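Report on one structure; see the data block that follows.
The letters A, B, C and D name the chains in turn, as written, and every chain counts its residues from 1.
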Amino acid sequence: MATLEITGVTTRYGKVVGVEDLDLSVGDGEFFVVLGPSGAGKTTTLKSVAGLVDIDAGRVAIAGRDLTGVEPYHRNVAMAFESYALYPQKTVFENLASPLRSGRTGSYSKADQERRIELVTTTLGINHLLQRFPRELSNGQRQRVALGRVLVRPADVYLLDEPLSHLDAKLRAAMRAELKQLGEESNTTALYVTHDYQEALDLGERIAVLRHGRLVQVGTPEQIWREPADTFVAKALGQPEINLLDAVVDDGSLVGAGAGGAVAVPVPAGLDLAAGERVRLGIRPRDIDRAGPDDRPAPGHLAVRGRVHLAERLGRLVELAVHVGDTELIMVASSDHAAEEGDLVDLHVDLADVHVFAAGAPGEDTPRLGGGVPRQRRPAEEPATGRAR
Amino acid sequence: MTTRRSLLAAGLGAASLPVLNACGVGGGTADNSGDAAGEVTGGFDWKKASGTKLKILQTPHPYQQAFQPLLKDFTALTGIEVQADLVAEADYFTKLNTELAGRTGAHDVFMTGAYFIWQYGPPGWMEDLNPWLQNTSATSPDYDFDDIYEGLRTSTRWDFKPGSPLGTGGQWAIPWGFETNVLAYNKRIFDQRGIKPAESFDELIQLATDLTDRSKNQYGIAFRGSKSWASIHPGYMTQFSREGGKDYTAEGGKLVAAMNSPQAVEFTRKWVNLAKAAGPTSWTTYEYPDATRDLGNGNAVMVYDADSATYPKNRPGASKEAGNLAWHPGPPGPDGSYATNLWTWSLAMNAASKQKLAAWLFIQWATGKEAMSNATKSAFADPTRKSVFDGSFKQTLGGFPGYLETFEKVVDQTKIQFTPQTKFFETTEDWAVALQDIYAGQDAKARLDALAESNTKKLAS
Amino acid sequence: MATEIKPGRKRLTLGSVGADLLLVFWFVFSLFPIAWMVLLALKTDTEQTTTYFAFSPTFDNFGTVMSQRGTDLTSVDFAGALVSSVLNCGGAVLVSLLIGIPAAYAAGRWKYRGSEDLMFQMLSFRFAPELMVVVPLFVIYNQTGLFDTTYGMIWVLQLVTMPLVVWILRSYFQDLSAELEQAALLDGYTRRRAFVMVALPLVRPGIAAAALLAFIFAWNNYVFPLILTDSNATTVTVAVTKFLGGGGQAYYNLTAAAALIGALPPLLLALTIQRYLVRGLSFGAVKA
Amino acid sequence: MTTTAPSRQAPPAGPAQHGTPPVVPRWRRRLRPYLLSVPAVAIIIGILYPFFLGVYYAFLNYSAVNPNPVLVGFDNFRSVLSDPEFWTSVRVTATYAFVATGLETVLGIGIALLLNRSSIVGRIFEKVLILPLMIAPVIAAVIWKLMFNPQFGVLNHVLGLGSTFDWLSRDRALWSTILVDLWIYTPFVAILVLAGLRSLPKEPFEASEVDGAGWFYMFRRLMLPMMWPYILVAVIFRLMDCLKIFDIVYVLTAGGPGDATRTLQVGAFEDSITNLNYSRGSTYMFLLWILVFAVARYLVSVLGKAQRRAAGAEG
């Protein structure tokens, strides 16, 4: 296992930018997640590391060794493709044996191969499929075979491109647990790409958020969750999306526009904002608690009252759209505290959970004001321990 | 685009001239005469070129088939090995023209017709055989060139000057077999009806029309009509000449097309109408195998084509009507003319041949008395030598009513009825196209006028 | 089957019968001339143009074609022509595959400068009418000793086979996901081995189709062997036409018999190759 | 992984673990596709060489009667282009090529679709689909000419047309030659399309079948876009070969009756081989080459677009 350094990497496809000036540094044995919407350059990042695409600038180093110009088969990395990329003319067993038979991942006797494949397929729950062809598998099974083809072999870095995207919910949870354990117990350096923030938060020792091929933020899940570098990151994490309210600095408070002054939070310490300056407040739906009508807000909490406009039941949870003046706040409540549409509700928010961003036009992403996690170039000294939620 | 343009430039720049010379362009006519014949000295000996290997190019034909088994005799006589390559007649001239134009001498000897000399001679592709004939070191004293019918000997001589008659200039080929274009008819049907072959063209038209019964799939007369110069030269040219037609007239050293003269137009109109009224349904595709096949099958009652093309159908077992066929000279012209067009398959020497002595020995042998005599024994061919015709050949003609009589009637007036000229194939194929156009409904006079104008122009340029 | 696009079984009855009828209609048209050729090949010389379906069949013509009599009629040993045809066409297809597959792969896999131009060049082989190149070729062949040789035929047949191979295969390579080979690279295989192990087996139907069609077109080519060979390297097609003869003797029955014998090698090849042809490019899961 | 996943074992010694891996410079990687194409390019240059020579002839006055040619610039082109016969040939060639290619494409696709249903009838016919291609066109044309013959041909006999129906008359000759072309080459289109059909991924079809899409919708919206590249390759080859058509026509009618089937290459043949006027023949062929070139250029650009669209439809 080894460290992975990506320094100033730019990869273009003709005129289309894949990634631009990307810096990432993954520690030895770190489970590193790259999060971003589609088209953010996640897969390009992996392929740049693997040497499958020519990078136009920058360098990739594994274990401190510059890999510029090194062929993929000399890089000792393994990759699970989002498309699975299983060899259609080979059985599952042969697919899994393929890396073991190339001679570049070590030499394995027939028995070695069988043992390794047996282990991996048992773990992945596909050991009954060994003699099948990929065309005879479901997408979820194919995806596990693709993952198995990575795990079956040693590699300096594992590159995993959305390896769980086609699994059903239950299986995904199980596989995520397996992967998490792998990350924690083993000394595996892994670069894991996903568009699913929960997966990222759950698995990543650190997370890099990409947008339009550029790095937006790197940090532990805790950092990313608590201190999103900008509204893009904030929106990328959490479902429903974070509430963003335009606000104005007024008399030491940030007063939400359109809420009739109901939403007003004190300017956080360390933020130097002039009166009349416009900002945006970010409040995650899950950070909004519904209080009883008589509950007094705890110290350091914001309390507002609004009317439920829409209530949408999502299993055990209910998503509420609450109108506070002209402003709509989305919140999630457990169904025990379900409110009917039209009800008046009291909402409490811990002021520590209120994020402040620079003002911007609707749809424009703006940076966090104060307390933002600086973009890191070095991995944290100690492994992050915090896990959001 | 860059790639292509630069390729083009590179290709042209590098390629053009050197190879062009090699391809024969620019080579001129000087290199062929040489003095290969003069280099042969001493007494004549068949073994003089022993050990060489000769390649000859032929097309399947009764003559060729008659000679095929005899080739080993030649090898025994001369010690020269012969590789005879056959090319189907439809493609023969494609192959031959390419070879000659390439001037590579891939084949030393080739079969050719007289008309081809007019086109192959001027570029210097053919060896003049006169020096060989004159050289007693190269030609056996027994050869007796004059034994070959004179009309045939002159048909393969020309000086390449427009308007000059045949029989002048070099001897470009030696006649090997020949054909007269006459009428073959189904005697069984004629006898059934108690009729005799027509003695005038109009009578022929009437007869053929009467004999046509489309419901019984029987028609009066077959002759060629396909889009080829070869549709003109047999029956059409023969009867055309008998009716007083001329292809060209020489006026002040220039050839002027005359296939639109009143007699020519009148005859052509009748000829095409005959094809319509009493000819094969698909006349415009008809070549001689089609015509003779229909005769053999009993569909066609008469065929106006080469005697040796109809002959094989009468051999026992060769066709349905075998044994029923007879020959007739065809109707004479109004003035009693039996002018008949001649076709001769001849042997010529490739001017680019690298073993001319061996080639000459082969031509000499194949057109010699002994080989020709043997050939007529094993298979049929009109021999070009009087001695052979009168000797062994006549004896094989017993079962062929009228063949000999016909031959003797027309042979004195049998010659090439065309005016020699170097654009023979082009202008003659245009002629055939004109017949097809008239067949399709165009006015004979207007079409032939246009043809004549175009051909006169072509010959002037 | 990869794509059974008839939705459900409902339409099986009427639509399916109708479709089968259409097929039958086509195949009557398609097979009739061949059946008639077979009949022709079984007729004697006198029956060949005088009978339709009622005649006394004989297999003699096939024997004649292969015998000395056939050789006398055509100056070519038909069996020898079969062998040289197999060598010419097999060699030409092999060369085209060896050279064309990498080129098709390059063109299908990468968009590089000039790739389209190059592909177009390959196609433009076919633009030039054969008659345009055949006279200069004849001279060059005679000067270089390629005339009437198998090597010469293999070379000139590239005009026929190469464009087919390259253009048919390019489509297949374009359709093949690049990630399969990338996976093989990361498994530790070199590019060449990845290509051989992954890409090649998957485009096998394409290779089979291209090779078969190229072979057939080379086999059927007429002008090149007519002009560029004599009796040493001459091909079946040229040999067959020689039975058409001349001088008033046309052996249609022998021609048909020879053509049928001459169609056997490509037919055998087609039957061998057919199972590759029907197997789809995607073994089901090339694409997600 | 709860059990000892192999990946957690000490990495075994592999080549990658040792020393510095070889570095392939960027320019060499860029060069790769070109290197793969070098042999093909070599062949192109070698084989197009005679072609350039042929083009050169078109600018000379080279013929058998004039074996010492000189450059005459565009004289041949002027003379050919002002000859109505040439334009007749262009019309005949274009009619032949577009009608034959069009019908073969439609029939080929139809047959491929029908065969792809894999009914029993289809499975039997698939084996014999390719048979007409096995008969060399020269021979096939000879056979058809025999069948067309009104006197003894089997077609008039079987179809009851009597002895007076002329398949190769002035009005019918072109259509009859096209019929023979159809007979020979429709299987070529069908086999290419069939191979393409069989290579389609089945998922989109299953998906839209689930969505209840009709057969025609699937054909138009899914199959056709994906099939275009395969179809177009077939069309390109057919159209190019049809524009150059020679053998079938030459055997059946030699370009007649009159000039009813005188295609450009038949005209070129007449000039080059029959009339031994190489420069005029080469001019014909060069103009034909330009025509084929232009048509192919256009089709290839259409193909490029279709391929991009097909990639879109599948991806």
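The criterion applied here is as follows: a residue touches a chain if its C-beta (ideal position, glycine included) is under 8 Å from a C-beta of that chain, and two chains touch if they have at least 3 such contacts.
Treat the numbers as computed from the prediction; the structure is a model and nothing was measured.
Counting only chains that touch, the fewest steps needed to get from chain C to chain D is 1.
With centres computed from Cα atoms alone, the innermost chain of the structure is D. With chains reduced to the mean position of their C-alpha atoms, the one farthest from chain A is B. The geometric centre of chain A is 56 Å away from that of chain C, both derived from CA atoms. One simple way to say how far apart two chains are is to compare their mean CA positions; for chain A and chain D this gives 52 Å. Averaged C-alpha coordinates put the centre of chain B at 38 Å from the centre of chain C. Chain centres here are Cα means. That of chain A falls 91 Å from that of chain B. Those residues of chain B in touch with two or more other chains are numbered 7, 19, 23-24, 90, 94, 98, 101, 293, 297.
Shared interface positions of chain D, defined as residues touching 2 or more other chains, are 14, 16, 44, 48-49, 53, 152, 269, 273, 278.
Residue numbers of chain C whose C-beta contacts span two or more other chains: 49-50, 114, 118, 120-121, 134-136, 140, 188, 241, 244, 282, 284, 286-287.
Pairwise, the chains that make contact are A-C, A-D, B-C, B-D, C-D. The residues of chain C lying in touch with chain D in their complex are 1-7, 11, 16, 19-20, 22-24, 26-27, 29-31, 33-34, 36-37, 40, 49-50, 52, 98-100, 102-103, 105-107, 109-110, 112, 114-116, 118-137, 140, 155-156, 158-159, 162-164, 166-168, 171-172, 174-175, 188, 205-206, 209, 212-213, 216, 219-223, 236-237, 240-241, 244, 252, 255-256, 259, 262-263, 266-267, 270-271, 274, 277-282, 284, 286-287. Of all residues in chain A, only 14, 47, 50-52, 71-73, 75, 77-79, 81-89, 98-99, 102-105, 133-137, 139, 142, 149, 153, 166 touch chain C in the complex they form. Taken in their complex, chain B has these residues touching chain D: 7-8, 10-12, 15-16, 19-20, 23-29, 90, 93-94, 97-98, 101, 119-120, 122-125, 214-215, 217, 219, 226-229, 280-282, 284-285, 290, 293-294, 297, 299-300, 422-423, 425-426, 429, 433, 436-437, 439-440.
Across the complex, chain B is touched by residues 45-46, 49-50, 72-76, 114, 117-118, 120-121, 134-136, 138-140, 142-143, 147, 226-227, 230-231, 241-242, 244-250 of chain C.
If you check the complex, the residues on chain B that touch chain C are 1-4, 7, 19, 22-24, 55, 58-65, 68-69, 83-92, 94-95, 98-99, 101-104, 106-107, 288-289, 292-293, 297, 308-313, 317-320.
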